[in-house]
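The structures come next, written out as structure tokens.
Same chain, two partners: subunit A is paired with subunit B first, then with subunit C.
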Partner chain A sequence: MAKPTFAMYWAASCGGCEISLLNIGEQILAVDAAFDVVFWPCVADFKYHDVENYPDDYIDLCLFNGGIRNSENEELAHLLRRKSKTLVAFGSCAYEGCVPGLANLTTNQATFNAVYDDCISNDTTRYQQPQVVSQVPEGELRIPVMYETVRALDQVVPVDYIIPGCPPEAHQISAVLTAILSGAQLPAPGGTILGAADVALCEECPLTKDVKQITRFYRPYEISPEPGLCLLEQGLVCMGPATRGGCGALCPQVGMRCEGCYGPLAGQDQGARMLSAIASVVSAGPPGMEEAAQAAAIEEAMATLADPVGTFYRFSMAHSIMGRAKTVDG
Partner chain B sequence: MQTDFKPVIVGFLCNWCSYRAADLAGTARIQYAPTLRPIRVMCTARIEPEFVLKALREGADGVMIAGCHPGECHYVEGNLKALRRFTLLRMMLGQLGIERERVQLVWASASEGKHLASAVDRITEELRALGPLAWKRRVLAQEAMMEEAVGR
Partner chain C sequence: MQRITIDPVTRLEGHGRIEIFLNDEGDVANAYFIVPELRGFEQFCVGRPAEEMPRITSRICGVCPEAHHMAATKTLDALFNVEPPAAAKKLRELFYSSFYVTDHTTHFYALAGPDFVLGPDAPPAERNILGVVRKVGLEIGRAVIDARIRNHEIIKLIGGRGVHPVAGLPGGWSKPLAPEDRAHVEEVARKNVEFALFSLKLFEDVVLGNPAYRELILADTFTHNTYSMGTVDANNYVNFYDGMIRVVDPEGNEFVKYHPRDYAKHIAERSEPWTYLKFPYLKGVGWNGFVDGKQSGVYVATPLSRLNAADGMATPRAQEFFEQFYTTLSTKGANGRYKPVHYRLATHWARLIELLYAAERMLELATDPEITSPHVRTPVSNLPREGAASVEAPRGTLTHHYWTDENGILTRVNLIVGTTNNYAPIAMSVKKAAQSLISKGTVVTEGLLNRIEMGFRAYDPCFGCATHALPGQMPLEVVIRDAAGEELQTLSQYC
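And then the complex of A and B:
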């Protein structure tokens, strides 16, 4: 019997997801032995037209990482959906936009200006911003069109499963692949989360909570947190309360606040949940204060938060309720 | 500025003060702008930021959160919790390009029907000056415009 077929593709992502798959260690050999790799641009030379020539549903398991940011990403999302029996949004970018999704807080033009013109290390006399169509002596060249809004994979095509994380943790990837290889019954598809917990990160975090009220927030470089105590209550914006567990609370255990890479819990908006969590630890001043003084104390504490939207939605902007910022007056 | 623009305000009104204030405004036959879509909640602390964001995404031009004056909360300090959320929410709305006048917090006790009515009038005027928010059509539709440009 022919081996099941495997594909992995990267759209708007950093490549860390490919490395995370290799990070499962020698189990990768079992994956290689069990599957026939039919498309994986990172590790083997396949062309898009190879995929186009496969019959529909030819790929048994396709791990798709990266968000949809340009016309090439979108084309491949549709192509791989058509050719794959099981399409998995692998990692935070495909699941919810991730860091590239923060481009939704600004315009394409502003992003291009920052990257190609305003960056002080660039020699702007030699380069220009990318053009979709350009004329060269050999003829006309076209490159993919950059979209104004970064989207998650499931906002473009239906997705069967989601493996969250930036990148997904090796033990979680390993557990999912083991389940698939052993032929175990997976949960019903339809954007189902695999390889993560159904509870918030705080549930698996060993740090002690003290129900403290705080008067200001710190950025990670500003303080050395007290070991063993909840980071949020020490004024670090730890995303634990708004984030899905499953990683084993690796970051908070070494004094680094959770950045929220496993995304929100089912049906939640990560930024809005974090807003509520922050609001519940902020002090309104000592009891018995005047109304105006209370409002001022709250305002003062909140003002110490640097970039709340970028921090709370670092991974989930594309999938958030608002989806993007209003950047032009329509 | 469109003069015929009728803003839609989604109002989250606390059961113990502001919803009664709105009731009083009605029974006292106070005339005010017909722009408010009131939703009764048990306390302003029940209003999760998601409610406000969803209202704005789904077509509201503004949101009014109304509750008891500080110190008069039926649940002791629910309104103070709402104030904490509101303060941060407004900061975040600014980052999302949403004008701060679009989401407002009003304290109105059960006897302040007139105060509530005039707050609705004031917010209506401010929203009228800002124009429609129309998030889905104007903001999320940027992608559709882009796709048109690509010729698909």
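And then the complex of A and C:
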């Protein structure tokens, strides 16, 4: 029997997803042995038109990482969807836009101004922004247009599975591949999460929660958290309650707040969920306090929370209700 | 003129693209290397809390997130004007040395390997790491995988995560090294030293022992006389974590030595309408186009340039190889320094000497009595305002610069990323490779891409996301146009 076929592609990504995949170590050799690799630009010389010539549904498993930032990303998303039986959004960029999705809070023009005009190290004798078409002495040159909005893969084509994380942790990638290689039945597709937990990160965090209330938040440089105790209850904005478990609570264990890289739980908006988690940890004052005074106490505590939007949606901006907060060109 | 298309491809927007124009005689008039994307971290970081930068900017590059993490962490020290405890600085440097070992290992075997072990004329399909393993044996493949895995474990142990570390804070590091974990770090460092020595031996046997490869290294096609940049310690020895930025001219005289915070006094960036990436150059010399020589502000920032800019290596074994390197490829100038080596392919050798230095430095730090000190944070007491700092990323000096309001919320960000330093030199290498293979309208298509790629690989370029390429696997599209601007040929690789 012919081996199943495998593809991996990166759209707008940092390369960390591929590095994390390589960090599964020698198991990569098992993957290489079990699959017939038919497209993987990072490691082997394949051409796009090879993929175009494959019959539809030819690729059994396609891992797609990176967000959609330009027309090439978008074309490849459509092409690989057509050619793949199973399309996986691999990592936070493909799943939910990730850190580059923060660009949805600004505009290309503002970015160009910051980089090409108002920059301290620029050549002050000339200000030059890139042009889609430009003339050089020898002829004409063209560069691609950048989309204004960073989109997740499922905002462009239907996705069968999602492996969350920035990047997905190697042990989780390994678990998913082991299941696939053993021929185990995967859950029904339709944007289904693989390689992560179905509960919040707090559930797998070994730090102790004391149901303590706080009156203000601290920036990470303002305090040295008590080891062994929940960070949120010490006033650090740990995204644990609003984040899907799966990594093993790596960051809280080295005393750093979870920044939410595994994304929200099913059906939740990460920011909305975090807001309610925060509401429950902020002290509303002593019992019997007037309602107005309670509201004021909460407001005071909230005022110490820096950059709520960029903190709550650090990874999930592409899907967030905030994502439309500016003009969109599509 | 007739249009010949070797490999028809659709216009590939995400790819690094090279446009080669020929003149009326059919020789190369000019070559343009285009970077097709901008990520825009400088702008979308504005409004974020400054202390998040080590974890935000690591997402610029998943290949060297440790470099951004470290540059950002040091920039926070400067921003808050806080001096980390000695133990924290040592722990950071230990972490960073382990990162250098894994990074230089990967790229030596993935970059130099294909060119030297398989030879420059091997078919593209074989010129990759798998081809190298097939040729030199699975044992070496295992050794490379082992080196990666054991160092990624250390990175995770000290930095919190294997990819995109988390522990950097202004004034220190979030977690000390537990005394019970130290012996393991030392063991890894010892293995790293062995592995680095083994790699240098391999280079000596396979490359230096082969006259054809020696000739290739010395070939004019891969030579450029430019300024060299690198970070040096108080003795003018190579340092990756901290020090002064030293620049030497093409003859090896010190041109300038400055504190990293003063980078904007010495470096300017030129933008062109036909690419999203800027071209840094030395302000003190000025921009005179994509040309070699003392009158051109073009400089390089690579393993080779770091050795050129320094007077030696701070660890004993690495110093021995530094001597061997310069006595083999250079001579001493009137100023008593070795003259810089300008053979770009020698960068691979320099990378191995740096690999050995990183391993030896890691061992020194792993056995430092202070390394398990619990005092790894200095409390922050100053108001933030502005800060700039740098590290040597494997692919060049990496500078971060932040401005904030009094609450530490970013108001402005500037970044000069490792590879960006080398944008102009890479463009020059590409042009030279093209010139050597195109003349009087005849294009030697066999080998053109290989040669261009060899020019690239020496710099270990990482345009990361901009061209979605891991270093050394640059997906390239080369368009050759005649004097009238008509497309003659399009070649592509890794697409």
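Rule of thumb we're sticking to: the second predicted complex is superposed on the first by the 283 of 330 C-alpha atoms of A that agree within 3 Å, B and C clash if a C-alpha of one lies under 4 Å from a C-alpha of the other, contacts with A are read in each partner's own complex, and residues count from 1 in each chain.
Please note the rule applied: contacts are C-beta pairs under 8 Å (C-beta built on N, C-alpha and C of every residue); 3 or more make two chains touch, one makes a residue touch a chain.
It should be emphasised that the depicted structure is a prediction, and the values quoted were computed from it without experimental measurement.
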| message | Tell me the contact category for A:Ile19 with respect to subunit B and subunit C: first, second, both or neither. | response | second
| task | Please indicate which partner A:Asp307 is in contact with in the superposed arrangement: first for subunit B, second for subunit C, both, or neither. | result | both
| field | Which of subunit B and subunit C A:Leu105 touches, first, second, both or neither | value | both
| query | Can A:Leu232 be said to touch subunit B (first), subunit C (second), both, or neither? | reply | neither
| query | Looking at the overlay, what does A:Leu177 touch: subunit B (first), subunit C (second), both, or neither? | reply | neither
| query | With the two structures laid over each other on chain A, which partner does A:Ala196 touch: subunit B (first), subunit C (second), both, or neither? | reply | neither
| Just subunit B (first), just subunit C (second), both, or neither: which does A:Ala272 touch? | first
| request: Could you look at A:Pro167 and tell me whether it touches subunit B, subunit C, both or neither (first, second, both, neither)? | output: second
| Of the partners subunit B and subunit C, which touch A:Val51 in the superposed model: first, second, both, neither? | neither
| said: Quick check on the output: what are the common subunit A residues between the subunit B footprint and the subunit C footprint? | reply: 71, 105, 307, 310
| said: Touching residues of subunit A toward subunit C in the complex: what are they? | reply: 10-20, 22-23, 25-26, 41-45, 47-49, 66, 69-73, 98-100, 102-103, 105-106, 108, 110-116, 119-124, 126-131, 134, 136-141, 143-144, 146, 166-167, 169-170, 219-222, 224, 250-251, 253-256, 259, 261, 306-307, 310-311, 314
| In the complex of these two chains, what residues of subunit A are touching subunit B? | 71, 105, 145, 147-149, 151, 268-269, 271-272, 275-276, 278-280, 282, 284, 291, 294-295, 298-299, 302, 305, 307-310, 312, 321-328, 330
| Quick one: in the complex, what on subunit C touches subunit A? | 7-10, 12-15, 19, 21, 29-30, 32, 34, 36-40, 42-49, 51-52, 55-56, 59-63, 65, 76, 80, 124-125, 128-130, 142, 145, 148-149, 152, 159-164, 166-167, 169-171, 174-175, 263-264, 267-276, 278, 280, 287, 377, 379-380, 401, 407-409, 412-414, 416, 464-465, 468-470, 473, 475, 481, 483, 485, 492-495
| message | Considering only the defined contacts, which subunit B positions touch subunit A in the complex? | response | 48-50, 53-54, 56-57, 69-71, 80-81, 83-85, 87-89, 91-92, 95-98, 134-135, 137-140, 142-143, 145-146, 149-150
